[in-house]
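In the two assemblies presented below, subunit A is common to both, partnered first by subunit B and then by subunit C.
For the complex of A and B:
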């Protein structure tokens, strides 16, 4: 490790100063000459058909420029959220947009538009839609479907399925949409010392990005310029172009800064093309500011679950068998596959000897949902970890030990389906637990468990979580210019992790370039960016270290070739350092990087980008071609060997004081530890770990979407009503650590980090609450103060075990 | 309509005679910033112009970042909108527009305010300081900004200007806060990335290094 020049060392990313000075430009900070504003008219009903739109009076109003409806924007694939619709399926779904010289004029015009709605049946409970003859959320006949692998369809269970159970208390478990199993589940359950079967609910919660998804767009010289709030850059461009009905090269996408996404801005989303279509119609730049309330409608939320979990442990605490059924409330349109990830994560993190998973996603009349930091895996952590504690309590085992007894190690199998299970590239969750245990002083501190101080009781909790942590097969692109500067082109987004720079430093590492001589090119599709995956799924650290590594290897080989041509000998005789390529045996014989770049331009061909590898993506081809002749080009597709599932893990330890009279808790101490392979950027990692922990506190105890089941109205569309954690919900100081063991499948040992950090803290906090209550498990997120007060007072809970979308 | 071109709200570069330079001179010569509306292509913002319910714009003088800025303001216009859409100061962010998140925090007479919930007319006799007014004329960052850089305080950065301004106001009144005092003073600023601990590290570093400057 000590031989690294950049990896594992702190640095100041180039965009930090812009962020603290206010010069960082987010979508709403851009202006264009002649820019006008548009506003959305959104549905007041959870499900309706728009029979007629009368905008005659509105369009005559002063300053009003025009209107677009669903007729002006081509519909997407069946089941997917449209930009504008004639069949709104949730309160807040956009129906039309009006543009005017000022935003107020647009709002005034919208108030004058008369719409005839035909109210349609709606539902907020998947079990209602699964019931034979029960109401469905959509009028197109679909009640199920997922982003990939499960086309839109219809699933109804039988009356007999429902007759078997007590409604609201037990899950009927009819035919699933998907299922898998491995091992002999029934036989393993028979071997168990303890078996638990529980119903559970995990609530939906908003992504709560601080920047609402405002967008500004205009057309110029046949191209559409889009200033958007996106987590991703290159990856979002082709789908955006498709939604705009143009070729990717006809879109200029500027997404240099993004005010938070957490999964909700991973790729192009339907609302962002509204200003572009409006602009095309008016011939003027259009700004569509999204309000905070609208962000609750358009901004996505985590998929909610109703489920049944049955698990069994032997006397040693080994999980022998698991049988889970997940019913996913997917919102109104096609959503992410959280329900699959729930099962996959259980199979990996706890390594049961036999397991069956069943799942079905069902549409409800709630706003569109999508992946949210650890989609599925973190719901699993919240439900499973407190049950592991219950087993530890009953079997009289240490809670860290029982986790380690089940945890995967290097090469353990991931995935669920028999025959499709494959090894993880590395797993150091046991090491993360050990590191946290020492740092937290678990063995001493757990003795405080249950100590009373007036109405306040101490609770100690440990939690853990997992997320897949990387992809392969994308492109790297570098240009070394005659002034000796290394331009690192990266198509990754700017989610605020600073990994656009952290991963770029791998190129600087390979080529031994000082960081001051590196220029990061990113954030604007005109900057000749390579084809890269989006900044989601905890993948950037893994995927983008690989792309920058292969591009740097390509450049390194070319540097040595050029030096050998000019100075004699073979390429292998050369090495690089100090911005020079030199003869190993005689370092004084050298060529500066600047001179090598000049020679590359003179040589042309593959040296300066006039000839390119055949296997790179067309986007990278175009970008490299635009750079051709400007310097020495390093460009390659990541063809490095890739087998196994990169896996990120996290462990978290929390001490709380729980006030049994009010149900409120205070976090006294929090230690979170990441297993993310080699640490690339220590400060960046520490802030990611803490940020994930903060969001976990929100998921476990604060945030959830609530709807009025009678009228289908959302009850909480503001920060005060659905409060994310603030400074005062956290301890005064937070502590982090990392295992820092290299993943063997990555050239620098890196793997992803972001998502399990949330699930680890959320589950640790739930376990701490359970601990303070003497082991009571709620099987529900979030755990709210009234639930705690009711439980301690021996009163029944107002919610049935499977109540969903309720307060 | 002329061909649109994307520009920053306050364009930095233009051949010969920059817009910023021009605007500065307009301001210096006592002319009104109404000219900016022309320059920004009729960007009278999101207010209603000359409409009955909102009344009419009135020309007032504001003290913003040590400069007198003459600007036409509607009776119901918030300071955040005036700053962002009439004065080109887009560093002040709008996260909720209803006083819940703190992203729009500015300092008025040394006190932190939500500019989304402050009517521009109410600050006519007061000194407004925004994120753009913190660095010195030579570009040297304010101690709070320096500390936030050193502690890698921001993540996505959208709430950062508000966090900086809350910290600046805190240190004006309490140059050596305890960590708990700082936490309380900053608690009106939400950060979804969860960078609170790093922001607090930044506040404490700024305090230690004389952040009240």
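For the complex of A and C:
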């Protein structure tokens, strides 16, 4: 496909008008006959055992209908966050839910419930839990464990490990939970011209989904109807059914609109099933609106790190060796493997000749944490990029050049583990840096670095980041109906990127259908949706273009077959365009798409979905079966060749003015460039790039979760305390661009987009701050005004190098 | 932790000051509310539980900006946006306009009133979380402990409580030597702004001298400072929707390069707007230059007693005061 009909062209996604006019219905906007409300009673303590619940008075109150506790919801696997609990492990963890005719009545009842708590030890510092005999976050004996590959367990370091270092200033580095290495790290360090070893901390920060995870559920005719706020559609259904204790076909999941997730709504989450269980108990539909404060308890946050990083460069700026140790504060329950991604991303983005990675995730009494846009990779960018600048400064190298000196190219090895390192499918980070460099006018502008205007100093920064960007093996499903309309069924959720439509356009492209004649079927499991990947991990562009491509190829072949049957000749004699399949040699001999659909229904069998491929997922099978007889069916599993790791990159350039006397900065200019393969939807991409850049500003300089370690209280449970950037914290104009070079392993050249955009801007901003301060200072995110003021005044910082969860 | 669920309450909406004062006296467990930007936060979290709200926002007599021979009177219900955009305030009492323009966010400034801003309660995050601290009637301070997260807390005037005055407008009001007009059913009184704000040593449960049954009706600005040299600056983590880490407001009368009169006030360093009298004394009679500014800055932080995380406020305050003297 050299010239595209749809790909690379802007379009108005069908959901945009509803979103901007307010007619879009989110979970909270639905109502059902007899619907009641439920509210949560959440823990006031960071860790406690619920010895007794006395709800007698509450349940007698007017309008109060019932209560469910942890006893009413089956427990999940050990270590995973429960929906309701008798052992809350953070302030705000739900203990029970009360249903009533109104939310006020439910809350009034909750105030009358008397709970007898037995306070238990708690901690907000992984190093405290790693200390022999130190306090653990959980009462079940586990202090470590992660989502995949590291089952819940217990790790304690030795007193000797701790005795070797100065408390709070150095990382003890006892036995890790996991480790890998390749090359001869020590030998490579000996070859280095400069070697840096630093302790670092990256703070946890909330996902800030604009729409809290409100949910409404009811049971009807043997099915559970769930209106939920989710990034994903099809992918979330099986785990939701499992949590509800029913079969997937017994769940109707409606998630047509979602007000942001950023990783926190990638699949079914524990609180989602509370209204369904309450509804089952009461026999009434139940709405559970989640408040902003509750969203900070239930809505997840990024994993925090304490770590030690040692890196060495040769005189040319080549990174020869890296040795990193990451201690992850995972929150109270099983979380994502950010700590692994930190090491894997370092190995890929900077291609050190030898490297060792060690990591251990540890539970703390903070709300559940999960993947947040670039989990691990973006923490790496924030810590590593300023250190690269430090090397560039010391080695007198251009900062863009030192990055390119280390960057991967097509086929470079990804991952870290010696035996498992495989190639990336494509890598155009160097091109992204070059494009941004030109657009930003780096070579000229860097001369302004350090220029003073009174106390205000110009800082120029460049940053880069990476994220894996695609999977394979999911299904595509299309139905061409007798009216000539192409129905593109997609299980892609509506996480705000328009990828449900962007990836669907690949089917329209292959079949050369006008966009006006396409109907996107999505957002409701009753719409016969195929088994698709979840909308997380920057996977959708790569993965779902493949599924729509294979389904369209299947339909294309069937169209030609039908035409050959009806009009003579061989299928290969035919081509498609203008809603027709026609003889290449004689285009006037043709069959319209509508007629082809009618013929498919008449032919039956595999043409209209009565016979289906054996390798498709049962969900796709059921959906295609439901569509059988309605038109020409295109259905296939993505069995396209897939070797290597699709890799998304981004580069960002930022100019700031930093006031050294107040610590406040102003972003003067921001240019961000994505390496996301072929651009599918330019407007959607620009929005993605800007959104990522804005989140990066928050991660770098504003946002962090703070806990009082003595009382276990969370310091920030509202937008004004969490401080995500507002539009007044940003330049009015931000520039975006893309490399737009095709990934060879994707039929349209697409690969992931979303995640590295955050890390690129966060690290560029941190590098710009260091630049304005005359060199690298802080191995910590976020960098706050008070840190800068202290530094410039020569005052000691109140935070020790490894202080975590502090202000 | 019960959060974000407003309880039910009775609502009264008087259209006159007299009506409001009467209701305030007659209705038990009542609470006066205007813009609501402080109050609703408390109610939503059920940390303060009035049974009735007396919404005074409909009393038109308490709105508006009026210039007179004596100076300027601004009604307590005037919104911060109106103040920030007022031509007379911008041209003659510039420091007030600048301070009002830096409060919170545009949306909040559209709803928030001058009176509400001056009367707002402490923003110490522990106190706002609803804990039983001294200020809330308990017997401890959660912020002033070895591990307390007290980056936003005070440098001066700690007395069991270490919360700060959160207002951006209050330092400007004190710098302008304004008077607060207070009404009650006993009549009306005028109090100098400096005396209006009180610290924990005076009364740990209140931020102002207002007693139950009293309401701020206006703020009067004397003509003396109209058109003086002004300076306002606020430092916060975010450019918008954030409380000050430190702010400074100053008014100076400068003749031929010499500082004749000065009032310099810092916010967010003490439980009240901190008027820096020793700085004023140090600069009066001095030329307005870098040397004077340096002395002013150093003088500003004298006597500061920082806690664990707020030591940065010392250099920050010094820098801001230096700028105020040098750059106004």
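Here is the rule we use: the second predicted complex is superposed on the first by the 805 of 807 C-alpha atoms of A that agree within 3 Å, B and C clash if a C-alpha of one lies under 4 Å from a C-alpha of the other, contacts with A are read in each partner's own complex, and residues count from 1 in each chain.
Definition applied: contacts are C-beta pairs under 8 Å (C-beta built on N, C-alpha and C of every residue); 3 or more make two chains touch, one makes a residue touch a chain.
Since the structure is predicted, the reported quantities are computational estimates derived from the model, not experimental observations.
In the superposition on chain A, contact of A:720 is made with both subunit B and subunit C.
Look at A:294: by the touch rule set out above, it reaches subunit C but stays clear of subunit B. Touched residues of subunit A were counted for both subunit B and subunit C, and B has more of them. Legend: residue contacts after superposition of the two complexes on their common chain; A:69 is shown touching neither subunit B nor subunit C. Judged by the touch definition given at the top, the superposed model places A:101 against subunit B, while subunit C stays out of reach.
Contacts of A:158 after superposition on the shared chain: neither subunit B nor subunit C is touched. In the superposition on chain A, A:728 makes contact with both subunit B and subunit C. Contacts of A:208 after superposition: subunit B is touched, whereas subunit C is not reached. In the superposition on chain A, A:257 contacts subunit B only, with no contact to subunit C.
Overlap of the subunit B and subunit C interfaces on subunit A: residues 103-104, 108, 291-292, 719-720, 725-726, 728. Residues 39, 42-44, 91-92, 103-104, 107-108, 110-111, 291-294, 297, 455, 661-664, 666, 701-702, 706-711, 713, 715-717, 719-721, 723, 725-726, 728-729, 784-787, 789-790, 792-793, 795, 798, 806-807 of subunit A touch subunit C in their complex.
Subunit C makes touch with subunit A in their complex at residues 1-8, 45-46, 105-106, 125-126, 129, 131, 142, 145-151, 233, 235-242, 245, 308-316, 319-320, 323. Those residues of subunit A that touch subunit B in the shared complex are 10, 12-13, 15-26, 28-35, 37, 63, 101-105, 108, 207-212, 218, 220-221, 225, 227, 254, 257-262, 283-285, 289, 291-292, 494-498, 683-684, 686-688, 690-695, 718-720, 724-728, 730, 732-734.
Residue ranges on subunit B touching subunit A, taken from their complex, read 1-9, 40-49, 51, 54, 84, 89-98, 100-101, 103, 130-132, 134-135, 141, 145, 148-150, 152-161, 164, 179-180, 183-184, 186-187, 189-198, 200.
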